[in-house]
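Labels run A, B, C and D following the written order; every chain starts at residue 1.
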Amino acid sequence: MLSKKKDKIINDPIYGFVTLENGIITDLIDHPFFQRLRKISQLGLSYLVYPGAHHSRFHHAIGCLYLMNKAITQLKNKGHLITNQEAEALKIAILLHDIGHGPFSHALEHSIASDISHEHISSHFMQNLNAQFEGKLSLAIKIFKNKHPKKFLHQLVSSQLDMDRLDYLKRDSFFSGVTEGNIGTERIINMLNIVDDNLVVEEKGIYSIEKFLIARRLMYWQVYLHKTVVSSENMLIKVLKRAKYLMMNKKVIFATPSLAIFLKNNFTSYDFNKNPDLLLNFSELDDNDIYTCLKYWKNENDFVLSNLSSMILNRRILKIKVQKNDFNQTEIDEKVNEFSKKNKISNEEAQYFIFSNKVSNSTYNIEKSNINILMKTGEVIDITSASDQFNIDALNKTVNKYFLCYPNILLF
Amino acid sequence: MLSKKKDKIINDPIYGFVTLENGIITDLIDHPFFQRLRKISQLGLSYLVYPGAHHSRFHHAIGCLYLMNKAITQLKNKGHLITNQEAEALKIAILLHDIGHGPFSHALEHSIASDISHEHISSHFMQNLNAQFEGKLSLAIKIFKNKHPKKFLHQLVSSQLDMDRLDYLKRDSFFSGVTEGNIGTERIINMLNIVDDNLVVEEKGIYSIEKFLIARRLMYWQVYLHKTVVSSENMLIKVLKRAKYLMMNKKVIFATPSLAIFLKNNFTSYDFNKNPDLLLNFSELDDNDIYTCLKYWKNENDFVLSNLSSMILNRRILKIKVQKNDFNQTEIDEKVNEFSKKNKISNEEAQYFIFSNKVSNSTYNIEKSNINILMKTGEVIDITSASDQFNIDALNKTVNKYFLCYPNILLF
Amino acid sequence: MLSKKKDKIINDPIYGFVTLENGIITDLIDHPFFQRLRKISQLGLSYLVYPGAHHSRFHHAIGCLYLMNKAITQLKNKGHLITNQEAEALKIAILLHDIGHGPFSHALEHSIASDISHEHISSHFMQNLNAQFEGKLSLAIKIFKNKHPKKFLHQLVSSQLDMDRLDYLKRDSFFSGVTEGNIGTERIINMLNIVDDNLVVEEKGIYSIEKFLIARRLMYWQVYLHKTVVSSENMLIKVLKRAKYLMMNKKVIFATPSLAIFLKNNFTSYDFNKNPDLLLNFSELDDNDIYTCLKYWKNENDFVLSNLSSMILNRRILKIKVQKNDFNQTEIDEKVNEFSKKNKISNEEAQYFIFSNKVSNSTYNIEKSNINILMKTGEVIDITSASDQFNIDALNKTVNKYFLCYPNILLF
Amino acid sequence: MLSKKKDKIINDPIYGFVTLENGIITDLIDHPFFQRLRKISQLGLSYLVYPGAHHSRFHHAIGCLYLMNKAITQLKNKGHLITNQEAEALKIAILLHDIGHGPFSHALEHSIASDISHEHISSHFMQNLNAQFEGKLSLAIKIFKNKHPKKFLHQLVSSQLDMDRLDYLKRDSFFSGVTEGNIGTERIINMLNIVDDNLVVEEKGIYSIEKFLIARRLMYWQVYLHKTVVSSENMLIKVLKRAKYLMMNKKVIFATPSLAIFLKNNFTSYDFNKNPDLLLNFSELDDNDIYTCLKYWKNENDFVLSNLSSMILNRRILKIKVQKNDFNQTEIDEKVNEFSKKNKISNEEAQYFIFSNKVSNSTYNIEKSNINILMKTGEVIDITSASDQFNIDALNKTVNKYFLCYPNILLF
């Protein structure tokens, strides 16, 4: 027996034992950029509704890696060529696909940095790591950016049926306890195949795909866009917006160093390109910065900052009304007026507590990317044609829900 | 502490501990009519595809009882009146709702007795038990037959969301290992409510209902109407039809006494009404009669009887082709001719091995009974209107699949 | 892509998808000898207490095969040589290890054939299949009989930690709903290693082994030797003994042909060796023969035969008292006298209803075979020394429980 | 229907739906003292080994409440008197039993405040809440402190079989993925009974108790005292000790306000009694304070503080050796010398990186409290006598393991 360093085995409550191959995979996992994901929650403030939902982006990334291994084995068994280099690159790409997420992604993406998506930042991290690892990530980056000639490899990393979705739906369902969101991950992977360099699902898997789409929809409305979650995450957006407003106007408030730099500036992707230190700054940010700031902020003088912070910390969430149509502006204005008068604050300040917006979800969006079914006849058709059940118009329709957040009058 | 007889507790791999209240409930369970359900498999020959699917109708009935208890508690908590008598009657009704099932229901219903449904026979059993139990089942029978003024009680026993379906989908999914068929039983029951004497689901439960409908559809096509299951169950129908044909033509073949009586006669519901002993005969029938006969029959002289019996026993299932349209009669005739010539049998005999038919399923059938959603506004509307996802036309559409069974030429 | 016949995939509610490799493995599974195991229940009459426990020996054998694949992969990853031939032989051996089981093994082994164990009959089946498969099972048979030079291969098939036990404890726990009997199968397999041609468990697995031993003990007393199960299985032994007595004394009672031959004769292993047809006869026997005979027998004239048969069928189980010491013979004799007088039968006949015996279990039995732990130091020691918890004397002690079965006086 | 405020329903991935009764229970849960538990992890740094182990003390407390409801129902069904007031008090007591936990309890208890246990602080919180809730917690406090005449009520809150243990073993097993630690919570609760005002387990539950003890032991060594967890938690203890040393010596280092106060002072229980504000300070502390400080500290000048902080954050854990006997002091001294020379630091500083200590666990400790079994004979005896398996000496033995932590030489 060789005394080579052994693979690591991790317990996953979902998949059982997960093996991490010794080498670049474990080296990347050990890197501080990746370890940071342990402190970034996958589901933001959803734990306020689902107390089990404290799982981290670290755990999700490991889960994706596990599924990618399964998918690679499956496709190779079906006779498709995936070289060892490509297999390693696929694993690296899926491991790092979310590395650009900041704490409470939505809040950060909307309130702090301006026009930068987490995919964009993921890409920066990968470049940086590629330099540190002497080019060993080059192929992974090509696949991630869909610049590798074999298109289906990219689809395993990013598409309607990528390993990301297959893991997060299962994982979020598991930890939230919303068992109905569970999906047949293993079966779907068993049904994957490749036709003309495109990922397809074999006909036998149609019902699993239908169920996947319905489960995804259920998870959106029941968990990700649960109204208490929407309200609390919007409160977080508002409190960060307020902090940024105050800091940019030279008010002295506390902020952890890594967060302060993003509150004092309006960085764009241009800045990330120009200034490599910015990425290091970003890599220091995690959920703890936000919670620690909220704890300081609740004692600051500013009415908006202190009240919103204390409300989030103690789970006194703004009331929220949801409806199919936009809210009447007069109704909103009245609430704003009443609240500002009562608390002797300006209307601008009141609008941090009373605001309207919409959330949207589309079960399936054929325009972006679609799910192809390989029929027994050899034909490849879209799931909306293959299923005798789904109606393409209903599936493609984007469902909008409008919401209005406002304070419970008793609280103030 | 009183020394009263204790309730029984049973382990259910699905629900954990299930309590059976001492009294009429345990007395009914102990009755031979009910104990017989232990030897009638819930899923017939599905175990040929799903080796775990050996669970019995006995177990399913106990599961229904468990869910009924949950539903009663839930509805009473919501302020609806269910008297103790009604609660007991509901439990009796759901416990006995399937007591009229014979072995391999479909085979029996098609091949042996003529125009009698299992519901009809359940009803006979209940009357018989009611006499034995001195009228204590009267209210249960009224509810079962929908003759009790409170309609919602019947709906708990028989409707699109009755405890029967909620249990069997969950149970069949569990034992077959088709985890994707699992449904949110507990959540659906929590969302039940009553409006105008009708069972409704609260708006928050819409996504659970969507998932329930899709899971049900998945279970139909993937388990209940799995093509190997369809082929083997049709073989069973054919072999019983052949046995009946032979016996009615005075050929001497073996049959267990309980089965023999049904093979030698063409009973109708008229006979069940007239002759009470027939029910006792029926109550002696279970899966073992069928298997034992198949073992004898495989050694009989008749080509059809012996070959079909041995094929079922050794899982040499007829090949099956499935398509959306009806099969071409010429194609069938050719196969029949070829097979009869090769084996020196008549065309009539060959048709026991080569035959076509169709299977159908409709996800939702508004004409029979529907699922009502109680909106937050107080309005009650049908799920197809309440869901922004489902399209009523797609849902209501009956999906037909045509199949053709025929022997693998190599086998003969 | 080659058009080679595809591997089969089966759903197992416990392990998920199980792959059956096309070739000799699927050929053996398709053989009538193996298909017969579908109709032999793994847990006999335990379903009278645990209604979910209807799983078959077929299903268990498939589960063992799955675990054997895992173990082979694990040991090869650790650098141990297992050739492809040996791997195939291991799979064949574990697949067929229980093929000699008859219906309700204990009843058959005690009441029908005389001195033949199921291992002995398994061995006959393997020889027979080896002839049919032109010698392809030779290595499997050598391993099964521990005649292959590599001892550890046999230990994977038969030892304290063989794949048989690892599967049946998990499976019986799952289907009975006795969740506490669940064991860490996957972890134990991950901890397997080989030292000096012996299967050992790495030190990290000590706690898993402790838990395995305790779970096994729990399953024995709570399921396999549950007092209602003990009583009902002893009733079955008695009824078969009675049937045999009657048939050997030329009384005409019904019996299915496959069972009749074993009731009319006292076969020994000598007969199995001499007469090859006997194995074929045996291969026709399954649970259905027993149940069908019970249904006939309950209407026979013989007091013992008819009463015991009807009691088993309707779950009117003899009362059972369990104690640590042997029962007083006078107490038994009194009950026998009273019962024979009351029912006007002989004392011999009464003893079919009133009898005493003992059941035994030893958690661990160092004399038969032991569990070796590979310490981090490289030393290999027995689990009873490796664990700071277990006390070898307590572990090795055989626990005896004496039981007395007798009729509830009210029933007669 | 009354329009009374509805009970809340929470999804728990372990128990399914958990109902929180509207009234004092939900009022206590909504209180900031309790909401704070959402940000205190149940298992400290265990997630470094088990990535799923991010569940909070909040979630655990809700789980205990759920089990307490089950236990109350069960005991009342068995005829024991528990008044409505007592039932409410039991629920309050178990909900709040852990409210005195600080972040990373062990680290805090050892490194910050001096002689104060978390039970002591829990007690302070309860008194404080009792004042806020106008005496409504008085009975709960009496039960918690075992000053209520009915002793068994206290035993439900604190004993070898309290609801705390039954929940945490199950929950920690679930989230860590160490499935072998799972216990038969539901069955154990079903087997609870009361004899002479003492909680006992009915004889039928002996095997469940054996399994509970073995599972508990497994969880201790495999999770709570896993060597990587021990090493990382000791690093945390050391870094906090260092921070305290620096602050008490007037070095200026960052600390969040709530943590700073505990680092600058050596509070004892005397201070908590004297100064009510101290409790409020404590109530502001959670895991985020620790993580935020570590992030600041890793950039401080102090060699010890910065290195330990960065190591914990990036999971570069000190190596750890475990053995049955104490480590040789010479071996330790040599490592200290070498390390201090290499890094030009004092021996005192080097001892923050190289240190030895022991961890202990006893499966069962009869001296503290025991598990009583109610035999069928009516006798009550200790589990060690009731079980024919366990050996009292082995069970009671405290197992000590000595460990030595030291840096991987390559890291420095």
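Quick note on the criterion: a residue touches a chain if its C-beta (ideal position, glycine included) is under 8 Å from a C-beta of that chain, and two chains touch if they have at least 3 such contacts.
Because the structure is a prediction, the values reported are computed rather than measured.
**Q** To reach chain C from chain B by way of touching chains, what is the minimum number of steps?
**A** The distance in steps between these two chains is 1.
**Q** A-D or B-D: which has the larger count of contacting C-beta pairs?
**A** Pair with more contacting C-beta pairs, A-D versus B-D: A-D.
**Q** If you average the CA atoms of chain B and of chain D, how far apart do the two points sit, in angstrom?
**A** 50
**Q** Based only on mean CA positions, could you tell me how far chain C sits from chain D in angstrom?
**A** Inter-chain centre distance comes to 44 Å.
**Q** Chain A to chain D: how many Å between their CA centres?
**A** Those two chain centres are 32 Å apart.
**Q** Which residue numbers or ranges of chain D touch two or more of the other chains?
**A** Expected reply: 16, 179, 187.
**Q** Residues of chain B touching chain C in their complex?
**A** On the chain B side, the touching residues are 10-14, 16, 30, 32, 35, 38-39, 47-48, 50-52, 54-56, 58-59, 62, 174-179, 256-258, 284, 286-289, 291-292, 295-296, 313-315.
**Q** Considering the complex alone, what residue numbers of chain D touch chain B?
**A** Contacts found on chain D: 1-2, 9, 16-17, 78-79, 186-187, 190.
**Q** Taking the complex as given, what residues does chain A use to touch chain B?
**A** 179-180, 182-184, 187, 207-208, 210-211, 214-215, 217-218, 221-222, 363, 388-391, 393-395, 397, 399
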